[in-house]
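Working notes, structure below.
When the chains are written out, they are named A, B, C and D in that same order, and each has its own residue count from 1.
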């Protein structure tokens, strides 16, 4: 397979504390502001300084969602970065590195690599630039290599630091120093078949966690309580800063148990409440999840997966927690589990989740992962136009006893949903209970009542199934008529779509079902899909093909072909393409 | 269906605090000591005094495992007991009640019930007997009604209070007073087609929790840490008393998180460690479960199910937590989940669980429920002859560096199991880690290592599957050639077997597969079974037929016919028989 | 406002506490306190919220006709916190057991005190896990035989007041279930206190605790209000809480005013109504930060 | 016994702490303490066990060649407890972060202190969740800006020593990561103490905490051992722990001998070897109780 040259790929790598990821994001920003499609893939270890961080920025005039195993250039801030990344440089590609401190020669000996040593430290000193501008300096040089207009970077700098003139000046200077140095000392260049257009409509560049945070803001969350845990923390970090402008209450309590129970308390009082965590924290929330279910208190929990078991790999991605969230907590109760696959869906389904939690008074788990949560993508969608109306279901702020009778928190209704009132509402005493209870909310062990209440709660499930079908519980991508099929969920969406494009270039037609609702499970849709295929391939970022298990449980269909990756890293396009090629019959 | 008269059934009911359950157990003891088969089914609410407790004692010269909806007699200690139980009395049966305080007339008007009013309080006073002997007094009268030898009861009293002569005397007196009163004031009698033989070989009468406790003692548990939670607490209560004689360390720590982590710590140090809890506590243990898995520290967790979700019905039974325990904790790791179905299996599989945990260095969850845990059955098995050898797997208390090389806690082996050493062993530094780690136990994020370690842990699963097959992962009961089939798990075993007997009396041949291993799932066995049937009926004490879901997930077979009970109560024989009759085609 | 009568707070639920249980006294005190507070502060009964744990104490949920949430074992405080922060105009009163509060849920006590969350926390301290049939708790005396200490509790009990003080609680008190009037007064003071208010209530359990009977406490108890004790000094308080022998003080051990958690957050101070859930325009954010 | 050399405790793992991090000082102190204790007490290195939480501090697991268990966030003490009770001859040293110990795991501190579990608990108090990029913790000072308090922490910090004292800890100390010799001495004293020993270590985090630098502490710190302070009186200690301003005492604040948890249990006192796992004859039990 020959690499499709309609994108560029650049890795920036070095120790934590050097602004590596930030540098990658700057570059992505420069490209996205100029109308290119960008994806920034990143890996970083669980430490604060040192180690090896890298970001791979892929950019193209066409949509691109995933990274590539080889790149046009590596920018290396230390020797380890060279060691780890040098082999990814395409023949003829460029290695830029900090020549003040590193010798690259041993690594590129006999390799077809253009070398661009830059004495970063010296340049910074000479130009009175602080260390933190080193990444921007390297990007100035990069734009020169690409023969892209340096103004792309200037524009990004102005945008990013808007209002802080000194910082803008400093960074523009750094960018220019880098560009000039490259121009002077290097004949090398990177040839790409496209050029960005500085006047193009800027694209939105956003991560899944940012999209979820915006979804929470747009979706009217008023109470957010979370204990930090990678890779869910960025939502907390984002919202904690936005709380003042949005009148949102954002709390970091003593632990995850408190986080979810505060949110449940707030929701009971009438707030729109949300929390987020990763697997370890979700484990601790398990008991309270059942309380929310039993007391029919709406709650949205974002679960950002990382590689387990246990603490596992704190900063690496995985899709290992699907079954866990589907079945967490004792007893039986309906829940929504929704898995967005990209930033658009992250934004959209956060709002959906908030509505569904309140309409059905059930827990809603939004399951994402480190890759979707912390990596960035451009999108053509304007989120501010993708807002959906807030639906709070049967929630009232007054209660007319004459008209409606005595208020009963758990009134048995045809659809299983009982009216809620804002706590403090005149004439409505709200008795909620995590024990089994009467319609009024008094604890009861009466066996008939137990059945009635279980039936009431489960009656919702039928309505939840119908409701789910309003929101694309599955999406089919690719060639509708194809008989070679992939199935997957969550953040692998992007790479699967990209790999299918590569297959298409080979003349192999495929289609791909992305499952978004995991509970209720869209059994009919999935069944129809798998039965329309000659071959179905399950693709997951885990070891045990959990979706395939679900498919069999709900449709009886056994998916024989399975592609799994479970080293904490996301598939790259080419790798997945090759894995698919090996499997496709 | 005419009732098969070869058993007797007696309910004793009244407020908590009156020794109701104890009374039922006394009666069961008297029968079992005389060679009858006994089952004591009981229900009690979540309170300490008052309310309504009852125990139904069924007894027969033939094996009997479950209760019957109607009874030969009700002993009522208060009016509520009459109200709740009177309708269960068979035509011609007896109502015995405390006539000092209750008028029964309104409840039995126009009913074919023999009445035996006994002025308990007065009799106690006259005979200078304390209130706690009231239950024994009623049993004395009961034996008279049955025309059973009062010596049966005397024998039980002597046995139960062995060594405490005063108490024996007092209770024998109470028994006699009851008998004499009945003889004097009542012509009524209960006719049963059998009589117990006082010289028969006594049978063991035991509850599931007691059997598990004995399994722990026999199985060499040295560390037991648990936080009280119904219906798991009786294990703690039992072991806490036995700790001194057995040199077991038995701790009640601050919460369930501490309970399991203390056990994990002890196991890491080389102890054989176990804990037990119910759903809420298991929820809190979820995170630590993953730590045990990741650090490959053996641990046995007993999960005693009760009706959820959340606090649910604290004292009522359920099979609602199967999926939860199968998938609890983030990430993917192998585990054993074993569901004993009766007291013999409770004893046996506790020992198996302890061995498997250490041999495979994985968490083992023994899943039972309130019914199995807290109700009593007779058994013909002599547990002391059913002990299995303790196998601790690759565990050493010395380490020869010359012969074996540097000790590596997570050495990658062919079967996935690495040698353990007792902590403190000379020349072996043991580094355990809940983060992903190297063979030596140092934290690592290396992607190839992540794969190698996941593969190592999962390699065990293949061996676990083989091992499981040594221990009857399924059992088939009933008529091997039948084509009408039931499938179930756990404590419903007894009632399913009894209901099948009733079907057999109607000439309907059935067989029943009891699934004991839930993980690894005995897919082949189950598949062969369901495919040998014309009709398969899934029977579960839950709402969502969780086993049926598992069967489909693992075999593709969809079980259409499902019998569910989810009011917190166990099926009775007749009810299940009738439900089956309605379903059987 | 309608005339308030304590009968209004009755419920149809059957009371399943044992006859003579100390919980009855606490229930009566709570009802009185709420009725009196409602009229003194001129607020609706609907503005009171009770949060209860799991245990005998937790059943109070069923016996009082005010808003209430019967949560899970040990988690009264985070739920109470969420309610209060979501709607600061509510008066939130938590009821926990000693097992609930000092065993499984002790972390929340420390942090609610630290944060000075303005809710009231009433602990029914009966020295036992009573509903689960009488196991040892963190406040069980040394030597007491319980279901799980068959040879007597070998451990020293914790001192809940000391712990609350050390955690920064701004209102620390002890009540007695056998003195309803005093307890009702304490609850009122606690609810009126602007900050985290903590009352450990000595509650006889007539079934599982033969030591701490009504008589036991009555012989020992005296009221701090009847002495010249000054409850505003931390060091006096930290000494006073050690008095637990022949003489057992009840009343307010410590009470100071400090900024509450609500004072600390501007958006909370603005008392944003919880019902104000509306979509927010994000186009500005998108344009500034993401495009 | 082989000659002990601190180099024996080195490991092949790459150290990923930031240059200048206070954790280095704690690591060195721990190594020294262990080496010296091993020879002073004449016990094998294999008898030491370190248990660590999750956070920067937790990485100490990788940097010292003794038995160790890198557990989950906040759960050092229950694991340490299990190890110690299973095998009382082991010397168990827990290392936690301030987030680990005082936020998510605070309940265990209170109960380990209450039970007087004879393990040592060393808290790397750097006033931040550092590994998760610098969020506020329970010990962050009021006003400090952190990742999750962008306008300054509005809350008062807790005082860990006060909390440990109030929970009944029998050895309460503070160390400083910048004074390795003193800290090594403290650790040795703590390990030798027969009971629960607690050391809060002031640990500069050079990345996330600009306030509590080495210089900051050096300007304020003095040693209790250099004064005539008497660490055996609870009320002196409870006053002393409040001293946290221009002058910051380090050293042993409190040290008393009380029965430990191990003393309380006869079967623990017998030091039953953990390896003694053998089937027990149950025929007697069966015959007496069940038949």
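Keep this in mind: contacts are C-beta pairs under 8 Å (C-beta built on N, C-alpha and C of every residue); 3 or more make two chains touch, one makes a residue touch a chain.
Note that the coordinates shown come from a computational prediction; the quantities given were computed from them, not determined experimentally.
Most remote chain with respect to chain D, judged by CA-atom centres, is B. A comparison of the B-C and B-D interfaces places the larger number of contacting C-beta pairs at B-D. With centres taken as mean Cα positions, chain C sits 37 Å from chain B. We define each chain's centre as the mean of its Cα atoms; on that basis chain C and chain D are separated by 32 Å. Rounded to whole angstrom units, the spacing between the C-alpha centres of chain A and chain C is 41.
Chain B has residues 45-46, 244, 254-255, 280, 287, 290-291, 295, 310-311, 314, 434-435 in contact with two or more other chains. Residues of chain D found to touch two or more other chains are 54, 70, 72, 103-104, 106-107, 110-111, 138, 265.
Per the touch definition, chain D reaches chain A in the complex via residues 16-19, 54, 56, 70, 72-74, 103-104, 106, 129-133, 135-136, 138, 147-151, 207-208.
Chain A contributes residues 17, 45-51, 227-230, 233, 236-237, 240-241, 244, 252, 254-256, 280, 310-311, 314 to its touches with chain D in the complex.
Residues of chain A touching chain B in their complex: 45-46, 278-280, 282-284, 286-287, 289-291, 293-295, 305, 307-316, 318, 320-321, 323-324, 326-333, 434-436, 445, 447-448, 450-451, 454, 458, 542-544, 549-550, 552-554, 556-558, 566-569. Taken in their complex, chain D has these residues touching chain B: 11-13, 44-47, 49, 51, 54, 59, 61-62, 65-72, 75, 77-87, 89-90, 107-108, 110-111, 265-268, 270, 272, 274-283, 285-286, 288, 290-291. Interface residues of chain B, counted against chain D in their complex, comprise 32-33, 162, 202-206, 210, 214, 217-220, 222-223, 225, 242-244, 246-249, 251, 253-255, 257-259, 261-273, 287-288, 290-291, 295, 382-384, 387, 389-390, 392, 397, 422-435, 440, 442-443.
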